[in-house]
Structure formats: C-alpha cells, structure tokens
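The same subunit A turns up in both complexes below, where it pairs with subunit B and then with subunit C.
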Partner chain A sequence: MKEQQTWLERLQWIDRRWIYLLLVLAVVVPAVMEAVHRPIGLPVMVFPDTLGVYNAVEEAPADKIVLVSCDWGFASLGENGPQTVTVVEHLLRRGIRFAVWSVDPAIPGWLQTKHLERLARKYGREYGVDYVNFGFRYIPNRELFVQTVMDDLPGYFTQDHFNRPTKDMPVLKGVQDMSDVWLFYTVGADPTYDAWIGIAQPKYHMKVAFGSTGVMVPQTYPFLESKQLCGMLSGMRGGAEYEKKLNSPDLATWGITRQSMAHALIILFVILGNIGYFATRRRQTRERSSQ
Partner chain B sequence: MNLWTPSYIGVFLGAICTLGIYTFLYRENKFYRIFEHLFMAIAGSIAVVMAWEQVLRPNWWIPMLDGFSRLAGSEAQAGVSLLQGGGKVLVGLSAFALGTFWYFISSRKYLWLARVVMGLVIGATSGLAFKMYLGAQMPQIISSVKSFYVTETLPGGATVVQVPQSINNFVFVAVLMCVMTYFFFAFEQKSRTVRGIARGGRWFLMITFGAYFGNTVMARMSLFIERFQFLHEKWLAPLFGQLF
Partner chain C sequence: MKRRIVVAVTFLAGLYFFAEYLIPNSWQTITTPSGAEVRVLSDYVKDVASYLLVVLTFALGLGWANLLTGMWKKLAGFKRDWLPALFFFLAVATTLTIGFWHEEIARVYVAEDPFVDGKPMAWLDSVWSIIRDDINSSLVASVFSLLAFYMASAAYRAFKLKNIDATLMLIAAFIIMMGNVPLGNFVTANAPTNLQIPTWSMWIMNYINSPTSRALNFGIAIGILAISLRLWLSIERGSFFEREL
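And now, the complex of A and B:
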C-alpha cells in the first residue's frame, strides 16, 4: 500500500515523465553551457575496436580499393551517419580509392550532396577518379548479393548514382573481384557483415570492418575477438573516437558529451530504483517475520 | 535573407512532426495519433513508390518493354533482336507470373502455387545461408580454444609472459564453459559442482543481457540526440536568428 511506503521505497515509483524531463535536460544543458561559452568538454578515449578500423584505413595500399556499404537509413542517422562520414573523410584525406553504395534510396543523395562533394573539394579529390557513388542498390537477399558481387564487381556495378556507366572510370581501374579490395566497411543497424565474412572473406581474405548501432555491439564482439572483423565503430561513441583520431570533430563529438550526461543520469536512476527495491524487500521480510 | 525557403519549410514541418510524436511522452493523445498515422501513411506510400521506381520499373518493366519492342520492330540484325527480345519478354513474363504466385497464399484452392515460389526461394537461399553460417561461425569455435600461457618474444630475443592476456584467456574459457554447462540439457545435472557451474553460467548470461540493455539504451539516446540536434541547429537556430 503506497501510503505506508517510506521515501526510499517510493524511489521505485518515480513518475516516468519526470525521468523523461530530466533526460531532456541532460541533453539541453550542454547546449546552454556552449551558448554561454562554458562548454562541458568530456574526454574521449579511443578504444581498440575503433583503432582497428582507423589502422585498416591508414594501412590501405594505393593499388587497392575500399568498399563502403551504407546499410542504414535515416532512422539510425545519429549513430551510423557520423560513422560513415568520418571514415569516408579519412579515405579522401589519404587519397585511397573507394566506392560507396546504400540499401536506402535516400542515403546516396544525402551523402553525395552533403558530405562527399564538400570533403572531396576540401581534400582536392575528384569524382570518378578518387571515389565513386554507386547509389541505391536493392538487395533482397544479402547472401546472393555477396555471391554475385564478390567475383565480378564491375559486372554488377555497371552504373553509378548519376546513371553514368562505370566501365571506364579511373577509380575502378584494375578492380575485378574482392581480391582487389583491401577493406570492406559496412555500416548498419543489422549484422550486415555476416554474409561478407561468411562467404567472401574465406575466399578473398579482405579486411572487414563494421560501423554498428549500439544495439548490435555486444553480439559483434565475438567477431572482433576471432579477428574476422578488423575493427568496429560502436555507436555514436565509435564515431566520436574516430573523429578524435582524425582531429575533425563533428556530429558524434557534439553528441557524445550529451550522451555521457544522459548515461550518468540513467545510472543514477538505476541505483535509485535498486535502493527502492531493496528497501521494499527489507520491509516485506520484516512484515513476514513479525506475523 | 528569406528564411522561408522550401527547404526551411520542410525543416519546420519536420520539427512539428517530431514534437508531435514526442507528445506521447506526456501521455497518449490525439495529437500524437495524428502524427503516428501520418508517418505510417507516408512510409507505406513511399515504400510502394520506391518498389516501383527503384526496383520493378528499371529491373523488370523497362527490360520487358524493350523485349517487346525488339520483337515487334524491324532492325538490321532481326534474328539477334528477336532472340534478345524474346529472351527479355520470357524473363519478364516469368518473373511476373512467379511474383503473382506469392499472392495465392491467401487462397485455399491455389495455395500450392505459393508453395512453388516459396520452395524456390528457400532452396536458393538455404544453401548459401548454410555456407555463410559455417564460414562465419567456424572461426569462432576455433578461436575459442585459447592458451592460458601467453608469451611474447621481444626484439632482443627474450620471451616474456603476457600475464594480462593469459588471465583474459582463462576468464574467457571459464565463462564459455559455465555458459555451455548451463545450456547442456542432454543429461540431468545431479552433481552439485555441475549445478554450481551452470548457475555461474546463468549469472554470466544475465551480465551479458545487462550489457545488451545498456547498449540498447545508448542507441536510443543517440537517436534522441540526433533529433535534438535537428531541432536545435536546423529549426530553432535559423528561426531565432531571423526573429532576433
């Protein structure tokens, strides 16, 4: 009965709307602090899983190509967006040839107009020579897609995002199959790496990296452990770490302070909830023993 | 500078829709329901249009029409055109027929037609899925066999024991054994030792699910932070900049 509860026990029954409000404040307060020129700058540590992706791009040889597969949509823009943009920036900065495509119809245009063209201008790279955007690719079955593409890349990607033929593009010169690929980097909210490491990697031994949403991180760690994945960007944290390595702060760095504050608040609420739970249990035990 | 460009009007409408959905956090309300239905309707209609524009039209409709025009037209290499045209028409019509067979799943009399295409799809993908599963999981099993005595040879030739990695490997194998014992249902676990190990496995599983939950919370907060960034930088900042 709630009227007999102590204030400790009532910690379990905090109205969720107060929790939502406090979480919103946890995100808003850093913005206010930045507006008054007192930013809350929490440190960003770079973990080995992020370093694996960074090193794979750093070690990429000039004669091989990198493939970037955007297997995400705007629903996971907060996490997958920075993971895609920051790695693409690294590739453009190093001048490593790469090709990008997406399974979402809106992402290729967004990536091209908002980021690829801007970053290519920044680093003096040219479309068709240093990178190519294959655009939207409808993939009803990932295993069949991998089986088709891995042995004949130019045979599948005959047109780019602008419906231009890719046959004579300098960026794809000498690229025939996955043996010409140094790194396959997939970004998504599903385990989109599974078909590539299960079908293509045993045959061609290219590196595979994954940019994952937070939900996918625990189930992906076994593949990092077995070295099937060379690296992984874990949610917004991974994007922020990569931006720190590149010294190019963007959305992920902006968001990670807010996320850390929200996490701290959630940990506080978990502790309060557990205090309330144990207080309730103690009272119930006392009531049973006194009866 | 004119703020009310078509692009900013789109941003404004997007902000209103975002805030409308977020009203659910206070309580269930009609405002939220309106935006929820709006979202479902737009998502459904975009899916239909995309299915036609991005998939069916370029991969089926246009090649089939090209095939029909080759069959009907008179070109220099008529024989080759007939062959190519006939092939495209045959492929297009077969794809159409097989595609429509899926809809017979709702019919009791013609359900067997749907089973035909289901069998084709399952057969085509099951072999590849088996190959994919083995290719992805076998290295996991092999890498689970870890040494408890990890050494490293230094540049000078001396060998040192990597204690942290050795402990890490021991913990890995211990947790793996505990969890596998928990899932071992072939025989009854009568021994107290085995039951204790299985209970440890259950605790490790709960810790893992806690990590899953924590990462899910992180993912959801990231989605909200991205929305907040949209509301703050793309909607409010230009609006306040215009007003003040």
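And now, the complex of A and C:
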C-alpha cells in the first residue's frame, strides 16, 4: 500500500510533472545566468572524431571543392544546426570553395540568410566565387541520387538556391565529378553517409565526414574505425568541440552547458528511483522473512 | 493479370540495376554502326536513376493529397478536431500565398543579383523569413524537443538495477552520458588521464560499442539482402499481396 511506504520508497513514485519542471529549470536557469551574468563556460575536451573533421578541412587543398549536404530538418536543429554552421565557418575562414544543399525545403533559406551571408561578410568571401548554395533537393532514394550525381556534378546541380544557372560560376570551375571533391560532409539524423561510402567513395576516394545526432553515434563508430569516415561531429558535443578548435564559441558552446545540466538531472533522478526501488525490495524481503 | 504485370515490371526494374552492377564492362560493350563503343547497361544508369527519382517524387504529391483529404473531412463535417483542421488550412493557405509570392518576386526581380540592397518588396522577404526561419523552425524544434521530457521520465521509471545486465548497462549509460558533456570532463579534470570520464567513455565506444554495432550492421545488412530479394521477386507478404506467392 502506498500509504505504508516510507519516504525512501516514495522516491520511485515522483510525479513526472516535477521531473518536467526541474528539467525546464535545468535548461533555462543556466541560459538566464549566462545572459545576465556571464557565460558558465565548462571546459570542452576535443575528441579524436571531431579532430578528424577539423583536420580534413584544414588540409583541404585550394584546387578542390568541399560538398556540404544538410540532410536534416528543424527537428534536429539543436544538434545539426551548429555542426553545419561551424564547419561552414571554417571553410569560409580558410577560403576553401564549397557547395551546400539540403533535403529540407526550409534549411537552404535559413542557412543562407541567418549564417552564410553573415559569415561571408565576416571573412570577406563572395557568393558564386567562394561558395554556392544549391538550395533544396528532394531525394526520395539516396542510392539513386548518389549514382546520378557522382559522375556529373554540374549536370545535376544546374541551378542554385536563387534559381540562377550555375554553369559559369567561378566556384564550380574545374569541378566535373567527385574526383574534384576533397571532402563530402553530410549532416543528418539518419546514416546519410552509407550510400556515399558504399557507392561514391570506392570509385573516387574522397573523404567523407558525418555530423550526427547523439542517437546515431554508436552505430556510426564502426565506420570511423575502418577509416571510411575521416571524422564525425557527435551531437551538440561535436559542434561545441569544433567551435572550440575555431575559437569561435556560438550555439553549441552555450547549448552544451545546458545539456550538461539536463544529463546530470536525469542521472540524479535515476539514482533516486533506484534508491526507492531498493528500499521497497528491502521492506518486501523483511515482510517475507517475518511471515 | 494486373498482378502479373506488376510482378514483371518490378522484376525488370530490379534486374537492370542487378545486371548493371554484376556484368563486367567488357561483356556489355557493343560497337555501334558508327564505330562508337557503348556499354548497353552502365552508360545509361544515370538516366535510368533520374527517371526513377522522378517516379519516386510522386510519393510527395500522394502524401499531400492524403493529408488534405483527411483534414478536409474533419473540417467539412465539423467533426471532432475540426478546429485544428481549420488552423491547418489557414496555415497552409498563408504559407503558400506568401511563399509563392516571394518566389515570384525573387524570380522576376532578384534573379540577377539576390544580394542587391533595396530589393522591391523587401517587406515580403521579412514576412517570409519570419514564417520560415522563426515560426516554422521554432515550432518544429520545440515539438521534437518534447521527446527529451519523455525520455527523462522513461529513464527514471525504467532504469532499475534488477540484475547484473541492468547494472552494467546503467553504469555504461552514466559514463557515456557524462562523457559526452563538459560536466564529465569538469568533474574528473584533475584526475590522471586514465581515470577521466571522457577516457572511459571513449573506451566503451571504441572497444565495446564498435564491435557490437559492427555485428549488428552485418546482421541488418544480411536481413536487408533477404528482404530485398523477396521484394524484387515479389514473394514477400506485403500491401499488394494478401498471401505469399
């Protein structure tokens, strides 16, 4: 009976609304503190998988292009958004030519107006010369898309996000197929790298990197070990680590502090639940032995 | 008869890609009357893939049709949930109107230089940006962020140390959760490298998770192969066939 339970046993029956409220506070309070007082700034340690992506961009030669595929939507904005923006900033900072597209219709415009134009102005880069936004591409089948695109990039991407022809754009000068691509960086909440690793990479040997949500990280690790992926940004942590390497704290750096608090709170509640569980088991064992 | 046509088309469509992948170039190369060498399968795979992409895009229109039909049925009969259906149509109408208007202006006036200052109807840019970047992004991100609350509640109720397996899983989960955020690094920052939480987290991912994931991926790949073969040969019990052939 619940009324006979001790307060220890009741720890496993906390109303979920208290959990929701405390989770909200765990995220909001650090944000308010950072806005009012100063950033909390927990130390970020850079993992080797993030370094792999960073080094791939650092080593990119000037005569090759980088492709950035935003295979994500606003549902994973918190994790994939910073992963896209920080790598794009690195490319603009180094002056490496790149092209970006998305499978979500809203992302190209969001990326262009909120980030690409701002970062291009910051580093003195020019649209059409240093980067191009191919806009929204509906991809119902990734394997077919890779087979279509890998041998003839200009043949598929004939227009950019502004519906202008890409044929004579300086950014695509000399780019014919994936052999002219140094790095293919895909960001998404699915294993969007699999078709590129399986079909394009064996033929053209370009580097492939992946910006993943946290839940996709475990199943992606085998591809890191086999070196099929040169690097991976793992969730918001990956974005924060990359921002640390660039010395440009932004969305991920501030978000990871709040995520830390949320993780700590979830662990605390799991511990409380287990304390209540063991207290209940001890009482039941005592009752059985006294009968 | 209809089934036989579907089965035949399915088989031929799959046969093309299967044969193109397996048959060596030298076997499929023919010399045309003009003297050019043509690979009868591989030279056309890009075109065939493009045609298939077009056909698969029909699914987009089908999804739209189903959604509009379902919502209209609720609204027209003032059935339960007619109010959300009304807001759905209002949102669709507003977004389509602003979106098409914005694209038309962009096509006519902005195509030459999208970055010129003083574009005509710049207010339309602002309205479209608010709808797309502020309202849409915030709503979609918020809805999926609700999952975090459900996960927290589910973890609190489900993660109990009932046996040795659950204990090992819980310990690994704690290490991974703390290792993936700076708090884990902060807690053990002064400890030797081998005793830091991020180091343990990387060890678990590299030496325990990786082989397990690889084994799972192999199993899944073989399963996909088996299912794909059954679908290609139309012997899978599916939406079109009520029994195995």
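In this section, the second predicted complex is superposed on the first by the 286 of 291 C-alpha atoms of A that agree within 3 Å, B and C clash if a C-alpha of one lies under 4 Å from a C-alpha of the other, contacts with A are read in each partner's own complex, and residues count from 1 in each chain.
Operating definition for what follows: contacts are C-beta pairs under 8 Å (C-beta built on N, C-alpha and C of every residue); 3 or more make two chains touch, one makes a residue touch a chain.
The shown structure was predicted, so the numbers you read here are calculated from the model rather than taken from an experiment.
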Which superposed partner A:Ile275 touches (first subunit B, second subunit C, both, neither): neither
Which of subunit B and subunit C A:Ala240 touches, first, second, both or neither: second
Subunit B versus subunit C as contact partner of A:Gln147, first or second or both or neither: both
Contacts of A:Leu8 with subunit B and subunit C, given as first, second, both or neither: neither
First, second, both or neither for A:Arg164, with subunit B first and subunit C second: second
Which superposed partner A:Met33 touches (first subunit B, second subunit C, both, neither): neither
Contacts of A:Leu42 with subunit B and subunit C, given as first, second, both or neither: second
Touching partner for A:Leu51 - first (subunit B), second (subunit C), both, neither: neither
Which superposed partner A:Thr113 touches (first subunit B, second subunit C, both, neither): second
Per-residue touch tally on subunit A - higher for subunit B or for subunit C: C
On subunit A, positions contacted by subunit B and by subunit C: 20, 23, 75-78, 138, 141, 144, 147, 214, 217-219, 222, 225, 234-235, 237, 259, 262-263, 266
Footprint of subunit A on subunit C - complex, ascending: 45-46, 49-50, 52-53, 56-57, 59-60, 106-107, 110-111, 114-115, 128-129, 132-133, 136-137, 140-141, 143-145, 148-149, 151-153, 155-157, 159-161, 170, 174, 177-178, 180-183, 185-186, 189, 198, 202, 205-206, 209-210, 213-214, 216-217
Contacting residues of subunit A [partner subunit C, same complex]: 14, 16, 19-20, 23, 42-45, 47-48, 73-78, 106, 109-110, 113-114, 117, 127, 138-141, 144-145, 147-148, 151-152, 162-164, 214, 217-219, 221-222, 225, 234-235, 237, 240, 256-257, 259-267, 269-270, 272-274, 277-278
Residue ranges of subunit B in contact with subunit A within the complex: 25-26, 50, 54-55, 59, 124-125, 128-129, 131-136, 139-140, 142-143, 208, 211-212, 215-229, 232
Subunit A - residues contacting subunit B, complex: 17, 20, 23, 27-28, 31, 75-79, 81, 105, 136, 138, 141, 143-144, 146-147, 194-195, 197-199, 201-202, 213-215, 217-219, 222-223, 225-228, 234-237, 251, 254-255, 258-259, 262-263, 266
